[in-house]
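Right, I'll just put the structure down here and ask away after.
Read from first to last, the chains carry the letters A, B, C and D; within each, the first residue is number 1.
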Amino acid sequence: MIPVAIIGASGYTGLELVKILTQHPEFELVYVATSEGETTIQQLHPSLEGVVTMQVEKADASEVAKVAQIAFLALPHKTSMGFASQLLELGVKVVDLSADYRLKLDRYEAHYCKHTDTKHLCEAAYGLPEFYRNKIKESRIIANPGCYPTASLLGLLPFIPYIKKDTPIFIDAKSGVSGAGKKLSSTTHYVTINENIFAYNPIKHRHAPEIAEKIDELFVTQVEVNFVPHLIPVTRGMLCSIYMQLENELDPIEVLESLYKDEPFVRVRNNPVDIKSVAGTNFCDIYATMNGNSLFISSAIDNLLRGASSQAVVNANIICGFDETLGIPQLAYVP
Amino acid sequence: MIPVAIIGASGYTGLELVKILTQHPEFELVYVATSEGETTIQQLHPSLEGVVTMQVEKADASEVAKVAQIAFLALPHKTSMGFASQLLELGVKVVDLSADYRLKLDRYEAHYCKHTDTKHLCEAAYGLPEFYRNKIKESRIIANPGCYPTASLLGLLPFIPYIKKDTPIFIDAKSGVSGAGKKLSSTTHYVTINENIFAYNPIKHRHAPEIAEKIDELFVTQVEVNFVPHLIPVTRGMLCSIYMQLENELDPIEVLESLYKDEPFVRVRNNPVDIKSVAGTNFCDIYATMNGNSLFISSAIDNLLRGASSQAVVNANIICGFDETLGIPQLAYVP
Amino acid sequence: MIPVAIIGASGYTGLELVKILTQHPEFELVYVATSEGETTIQQLHPSLEGVVTMQVEKADASEVAKVAQIAFLALPHKTSMGFASQLLELGVKVVDLSADYRLKLDRYEAHYCKHTDTKHLCEAAYGLPEFYRNKIKESRIIANPGCYPTASLLGLLPFIPYIKKDTPIFIDAKSGVSGAGKKLSSTTHYVTINENIFAYNPIKHRHAPEIAEKIDELFVTQVEVNFVPHLIPVTRGMLCSIYMQLENELDPIEVLESLYKDEPFVRVRNNPVDIKSVAGTNFCDIYATMNGNSLFISSAIDNLLRGASSQAVVNANIICGFDETLGIPQLAYVP
Amino acid sequence: MIPVAIIGASGYTGLELVKILTQHPEFELVYVATSEGETTIQQLHPSLEGVVTMQVEKADASEVAKVAQIAFLALPHKTSMGFASQLLELGVKVVDLSADYRLKLDRYEAHYCKHTDTKHLCEAAYGLPEFYRNKIKESRIIANPGCYPTASLLGLLPFIPYIKKDTPIFIDAKSGVSGAGKKLSSTTHYVTINENIFAYNPIKHRHAPEIAEKIDELFVTQVEVNFVPHLIPVTRGMLCSIYMQLENELDPIEVLESLYKDEPFVRVRNNPVDIKSVAGTNFCDIYATMNGNSLFISSAIDNLLRGASSQAVVNANIICGFDETLGIPQLAYVP
């Protein structure tokens, strides 16, 4: 059993990490912390009462280093790199769920803030196993992708080799409200979003550069990515509808199947995908179809699992040389 | 008071027609029918108990002609043209909410079925007032647009003059469940669509040719329209997210405002639109923004009102020379 | 036209008052205020853009008195009595939507706070028209009932004459989230209440004494009232399920019909009631059935209309001698 | 590993049985059937694609007997007893999720239909482990309780010894829509129940006699049970609000804790319970409080798990002498 820690256990992704790690056959959750500390996990998350009982500490890197080999950071960006750099110096491997290690320095500083751990930034592996598996294996710091880039990249990357020159990609993403986190805002007030839907930060959302950077990194090709997120009246789940033009008509299901046939957590579907078939799991379900040279791709994930916590544990499995599927949720909540 | 009739009162759009027409200052609802008949409107729609009490007849064109000058048809396509042709022969003006008079003959027969009233088809005005006002004024048969084309066309038509040559339009439409009608299906079962979202008939939906035809008709330009409808867990309301490329960067709000500044039922918004601000009204709210040459347009309507029943009554107002806003709902249900 | 004012226009009930009063044939909305002021009504409520455009003032009783004959107060309790007492002194009639004038002094101070306008408290009429119509007519200060007491009292009062001696009443109330107001709280976060239901303040809720007091006042009988409110994942609407024991078996529909047959805003139903048939209206729909001596009553209202704003305007209609139904919403939003 | 079978795998409870049994450490799911057969489990339930792949047979008792020692029947009542009697004759133990073995003969025939397996009816143990554990251990036919009686009985049974003589119990139950099953009906149409709530079969629901019978059986006391189920806009989960009068005031939490302190699947809570804390688990969360002699109890379960499938597997664990918690879901889906 490898001892692991969670720093940032009060939010939704923290809760999901607790649920996965306490059931995992090879990880032992030995340390849980928040920035406040001094509580118990069942007080933070009453649904855990009688199932998981653990003290929640005030986060302290040196305490983590005494007991754990891997730390999962579910912290806000900026705070996260502070802990990550300390933990790495102390020899603890890090799976970071924040944005802090996802982008190259320039892009990060353009879209977030000044980076305070440039030393480790260049070492970080982007934790999308299907495309960065080998780099993840050798890294001690994993930048777990955001939910939007995860669903978008898994859907569109297979088609980058076929994209029509100089045409943009349009990503129309729809996210459940849990993606906005636990903090109170008028947007997440029930009355605002129930029976409603709206775009936010259209085209200017900071996930667009993350997606464009990874396309460039993997295919050495610069593509214009237009990303429009929408909030939908759903608790969890995310659907990305992706539109692009290809040089030639092709069978998109075949393209997907040839790339993903051996992937344990991508399911190529013959019909439009839905979020209920993946909510509760680490699966990304993908469907695609063409109209002439225009391609429509639909990809669905659980934003808190494949888009955060379960993908983080898959990355930890890879680091440790375990089977990627070990202890990873596969049974959807449906109905 | 002009006497009017509704044929097809059992569905959601029939109910909305009853509500608007019984409150209208210049129309008097004198005849209501369904294909079965022999009931009362308050039995069909228990919420009307104590407010509207009317006999519901078995639909009969000659009875309509005896009492009404205008008939609203809220019937399935194919059935609708049967009644419409009889009514027109008997001198009754028709506002048809079905698809039967929306398309040119070839397109109609390619996407629906054989047309049995080609005589009146060529007379029909497409009932989108902002673009077909003059033709509507002189017509006795109005093809009321579907909800998807209404929201799509109002959003994209202002930008057709600026579109980049040979580039497609992508419409990512999201509809509330009432758009699927009252009939039972596994798709409209609460457990299927609650906490869910999915595309259906992607790219192959028959509203794409309707949109393309109107673009061609108004701007004599052929544009590839890729239309992907999604079902969302919302009762009423529709949001269309439209993606296209323009020849040059421009101020899209200015384009919208210059075209719609005198339109009573289009509101150009400075922020992304939402469906709750229009649900319960005939408004179409529109927002647009650009990223380089890529344009994102967001347009929202109430699918049962602007997408069906209230737009139908606006068309009747135009036919009769009334102010277009007469008796038309403008106050959203929100919260 | 009688000039009227709204003080407290930023919340949900304030919005509903604006919608009703701007459509009312005999009231003219001349003054709208909030405690902050210096905005417009369409900025506070963007759905009103293009429909209602009015300046929103910083609330000032003497300004109200210059222009309006009746003021609707949609303010928090305590704040409300401050304004009400000033307005009354200045000759403005008041319909108060807060709790401040609903209870007798002792009860009020036991459940809320010290009362600072005892002078007018004893004059106040309880604004439940079906039972207090005559007193309302002669009053200049109306205490508009809360949503919970409105739905509860209309359901149970008809059966008080038949109640089994010394048996309690149990009220299981279910309220949509708009009843909790616009302020942010973890309870109204979408993720908390979506796919959920829970009781709050069970048995100890302060609406129980309000209900008990009115029973005592009307029937000179003291009944134990156990009131348990639940929050449900619905934006608007309230259902009260009431359980009590009667001395003898009787036909409860007959009891309801004989009492309410001439009431314009109570509909006695032959089947269990639902909230969608009343949402958007001032109706209270009621159904009742017995099992031996045990009675089940189900009553449904729109919590923001019959439970607040439209009932307030009915009370203003009564004060002014208008028909009670004048300008009052009767058409449900359904579907 | 004990080989087990599921007959009736197409519905929601069938799906939950598949999910639990394929993860169970001591049961091996060897046979799955529906009345139609000739499909695969992943076709019936697309979310299982890539996770569970099994042929689905046309149900045949003799085939079951060849391969399985225990059969779970998730069939409609009446159909179920047909299969159960055959299976029992063939030596297969049965956990029946239908109503067929829950009631004594007279009651069953009064509320359902003629019973065709009276031979085994008298042997059946009522599968509520907390109160029938010993009988379950020795039985070969278990009548798995319905969701309504499970939540109701666990909440109210601890207080039966203290009930005030000759006073009724009122149960106000709220069920998510999955409780109505997969079949299409106007009640389960999204537009009907979204943003709505209503009672159905009030006071006359056939779960009342089931509850009354078990009270009588366990405490030899006849109590009037008034049961009113409500449908709420939630997919899964059930909340029962129970009202009763006690002889004396007492500490209800103490009563609950003393009875349930060693129960693995009942959690006594100090605050009103909610369904999200139990959805996804076999837990029943219970809270209670008093007002004088009036008692309010609130109990919450997942209607498909504790109210059906996971309780069925707990019963199978008991039959086999396993730890009751073996393979039973304990981690709620929340958020």
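We take it that a contact is a pair of C-beta atoms (placed from the backbone, for glycine too) under 8 Å apart; a residue touches a chain by one contact, two chains touch by 3 or more.
The chain lineup, named per UniProt: A, B, C, D = N-acetyl-gamma-glutamyl-phosphate reductase.
Just so it is clear, the structure is predicted and the values come from calculations on it, not from any experiment.
Using mean Cα coordinates as chain centres, the one most removed from chain C is A.
Think of it this way: of A-D, A-C or B-C, only one pair shares over half of the B-D contact pairs by residue number, and it is A-C.
The distance from the centre of chain A to the centre of chain C, with each centre set as the mean of the Cα atoms, comes to 47 Å. Remark: chain A and chain D have CA centroids separated by 37 Å (rounded to whole angstrom). If you average the CA atoms of chain C and of chain D, the two centres end up 40 Å from each other. The set of chain D residues touching two or more other chains comprises 12, 178, 191-192, 195, 233, 235-236, 276, 335.
Of all residues in chain B, those touching chain C in their complex are 12, 15, 19, 23, 45-51, 178, 195, 235-236, 264, 267, 269, 276-278, 280-281, 283, 304, 330-335. Taken together, the chain A residues at the contact with chain C in this complex read 12, 177-178, 182, 184-186, 188-195, 233, 235. Within the complex, the chain D residues that touch chain C are 167-168, 170, 172, 174, 176, 191-192, 195-200, 202-204, 224, 226, 228, 230, 232-237, 239, 241, 243, 245, 272-276, 279, 289-292, 294, 296, 298, 335.
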